[in-house]
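Consider the two complexes below, in which chain A is the common component and chain B and chain C are the respective partners.
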Partner chain A sequence: MDTRSYMPVPPGVGTEENVFSLDDILLSQERLPCRTESVFPGLGFVDKSSDSRHIPEGTKMEIPLWLAKGLYERKRRVISVELPRVYREGWRTVFGADANVVDLHTMGPYYYGLGSQMLHFDSPENSEIAQCVLQTFIGRFRRTMDSSQNAYNEDTSVLVEKLDCLERALFRAGQSGLNAFQLWEKGLASHLTASSLVTNYRKRKLADLQA
Partner chain B sequence: MDPSEVEFLAEKETVKVIPNFSLDKIYLIGGDLGPFNPGLPVDVPVWLALNLKQRQKCRIVPPEWMDADKLEEIREQERKEDAFSPVPSCHYMELTKLLLNHAADDIPRADEIRTLVKDIWDTRIAKLRLSADRFVGQQEAHARLDNLTLMEINTTRDFLLDSLNSMHKLRANLQPGKSQDY
Partner chain C sequence: RTMADALSDAGDLSGGEGSQDDVMTPAELIARLEEAWLNEKFSPELLESKSELVECVMEQLTHMEENLQRVRKGDLKASVHHMEIGRIRYVLSSYLRSRLQKIEKFFPHVLEKEKSRADGDPSFLSPEEFAFAKEYLANTEVYLKAVALRHMPPNLQSIDMLKAIPEPCLDSFVFLRVKERQEKILVEPETDEQREYVVDLEEGSQHLMRYRTIAPLVANGAVQLI
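Right after this comes the complex of A and B.
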């Protein structure tokens, strides 16, 4: 049984983000390829590659998700957001063929979260993206489940290597269930153990304190 | 839920013991037990049976289903059918472990029983995983969990609930504009 000193807030996964979720905070830093649709006066210093004082219309740049969400408006075109590579037609075909072979950790690592967030920007392909993300999850579910519930007492780093952050959290949940059961079956669950805080505690020496 | 909590619940099941002491009826909140007479079988909860056994005050009569031949039949049945077949006791795993660990000398062919129950458990867990996969693959909204025991549900609960939650949210993306309340 693993007990934690605090309860982490789970990621929102859907179109809503959880303010207190660390995963969602990291997700909001993901860079999106964008194109400016109007002049950004006086902000030329942001774009290091140009010398002009302003950011002209039609500049291509990468901006983080949180900024893109703030700037994007349907009526007033300030920026237009392009789809990252993994959500485009070509990759969608790959996911459709066999989602299991894709290394979602290097592609993502927030494939599902970012995919849901992309739906904020009105793209004609939105419904295909949502469908593809869902199908990918379903396609990879079996492998995540089997590997998390069968790997007992072995190195799991190879198994989780290709998993997205969301799948890793699921993997951990499966492992904790398996470990708790195995511990019970071996009869170790009934043993009381000293808290790690107590075993690591050593008396401080006076010399250390004065140094 | 921790497996030891499930085990705690299983200790409420009754089992027959043959005491070697005599005692009047005892009145407990959970019900009256006894009277105890040497040589006369009496029904007591598992926790009391194990306690008496540890103090060598009784002999435990194994439950009817805890018999190598019957378990073998159940194992064959379990392997043949696709659905979960009924189990002899809704705490079979916990009871087997408790009784075999503490009273193996009262149960004939204890080692065989241990292996058989483990086989049954493994078959059922494999089925559970298969049906979970099918459940997710077909995007079903509900499923019947007939004949599943608490311990079996407990090993996969966290994983399955978290996955279904994520899947629900990803599926809600398909219909933009609709609220995500559930």
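Right after this comes the complex of A and C.
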């Protein structure tokens, strides 16, 4: 029940990305460890440690997701993408044991998003990765939902610090629902307030004027 | 719905000129509006446009307001009727707002669907919504070009909206109540790992299922999303 007049473009679901979503754009900046499967002629200058003109086959590099998706082809002639640490066997066991203790913010703030995008790269462990991401979400969701619905008018930074971006968005949604309900209970629901767009725009203009 | 029944001094409503709708009482009209509202709210995709329903409800609201003008002020019945008008108006606005949100979210797909439907099929967009969707597409393209695309190398200056924006996720799960008994609904098809999973839907029963499975049943009114 969204009553804002302005809806930011939401990120894509699962393996899809929404070109216009800011969340997805930021997600696609995440770096992945990769290995070149063929020579990249003329691009030697990218690798500062070597002085060759080309990037030889077998070089290990970290490239952002958008570039990896663009270069990857099923026949694997160009690059092969390795799994980041969080999606490998070792960490998967940790998530399986207890998903709630892990600090998903430091483990890459886009754990679920990047995990879903990793499935594009045809790793033999794809089904385990997918299962792990899903089970982690299921394991952690209840705590996020519970805390977002019961933390009213207090400092939530402790509750939020270990959540990844998807969970934070859910937390915010829960909080806005809770606040809206409290306003309604106090009879202030019909109280007209300036839209957040307007107040932010005014603040920005002021900053521009002062600069 | 005794309130709406009490307004039967407005007489029975027909569905507007040239329409084939049955004559409905105001109570039935409001019930149909609420059903359309709930279906639209809980469905992941844009449903058929119910323009005649919207028009009828608007007529009904105008009629109710006119009736209220004639009533003595301070009468308790008047304030109750007033609240009823407010509630109906809210449901109608919420219904239209749901549709607009989905149009904004899926605009290239909505336009594509409307373009490729057969002439006899019901429309997904009212004329106003269609104009809105086309303007939204045009504005987005113009803005994107002015702000970003014209600075790109010439061979990268176009963007395919149908690919850039994800389609509605028809595999979302929805709650539903069965209005007309259905037999042998295929829930999961047969695969190497599982036998096919088929259910009968009893009238009055409630289920949680993938939207894709029951989409046609929502369109023909056999189930109600809740």
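The rule is short, and it goes like this: the second predicted complex is superposed on the first by the 181 of 211 C-alpha atoms of A that agree within 3 Å, B and C clash if a C-alpha of one lies under 4 Å from a C-alpha of the other, contacts with A are read in each partner's own complex, and residues count from 1 in each chain.
Throughout what follows, a contact is a pair of C-beta atoms (placed from the backbone, for glycine too) under 8 Å apart; a residue touches a chain by one contact, two chains touch by 3 or more.
Bear in mind that the values here come from a model prediction, so they are computed numbers and not experimental data.
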item	value
First, second, both or neither for A:Arg31, with chain B first and chain C second	neither
Contacts of A:Met145 with chain B and chain C, given as first, second, both or neither	first
Touched partner set for A:Arg53, first chain B, second chain C, both or neither	neither
Partner chain(s) touched by A:Arg88 [first = chain B, second = chain C, both, neither]	neither
Partner chain(s) touched by A:Val13 [first = chain B, second = chain C, both, neither]	both
Which of chain B and chain C A:Val133 touches, first, second, both or neither	first
Most chain A residues touched (candidates chain B, chain C)	B
Overlap of the chain B and chain C footprints on chain A, listed as residue numbers	10, 12-14, 16
Residue ranges of chain B in contact with chain A within the complex	2-4, 7, 97, 101, 129, 132-133, 136-137, 139, 151, 154-159, 162-163, 165-167, 169-174, 176, 180
Footprint of chain B on chain A - complex, ascending	1, 10, 12-16, 112, 115-116, 119, 126-127, 130-131, 133-134, 137-138, 141-142, 144-146, 148-149, 166, 169-170, 173-174, 176-178, 180-181, 183-185, 187, 189-190
Interface residues, chain C side, partner chain A - complex	101, 104-105, 159, 164-166, 169
Chain C contact footprint on chain A (complex, rising order)	2, 7, 9-10, 12-14, 16-20
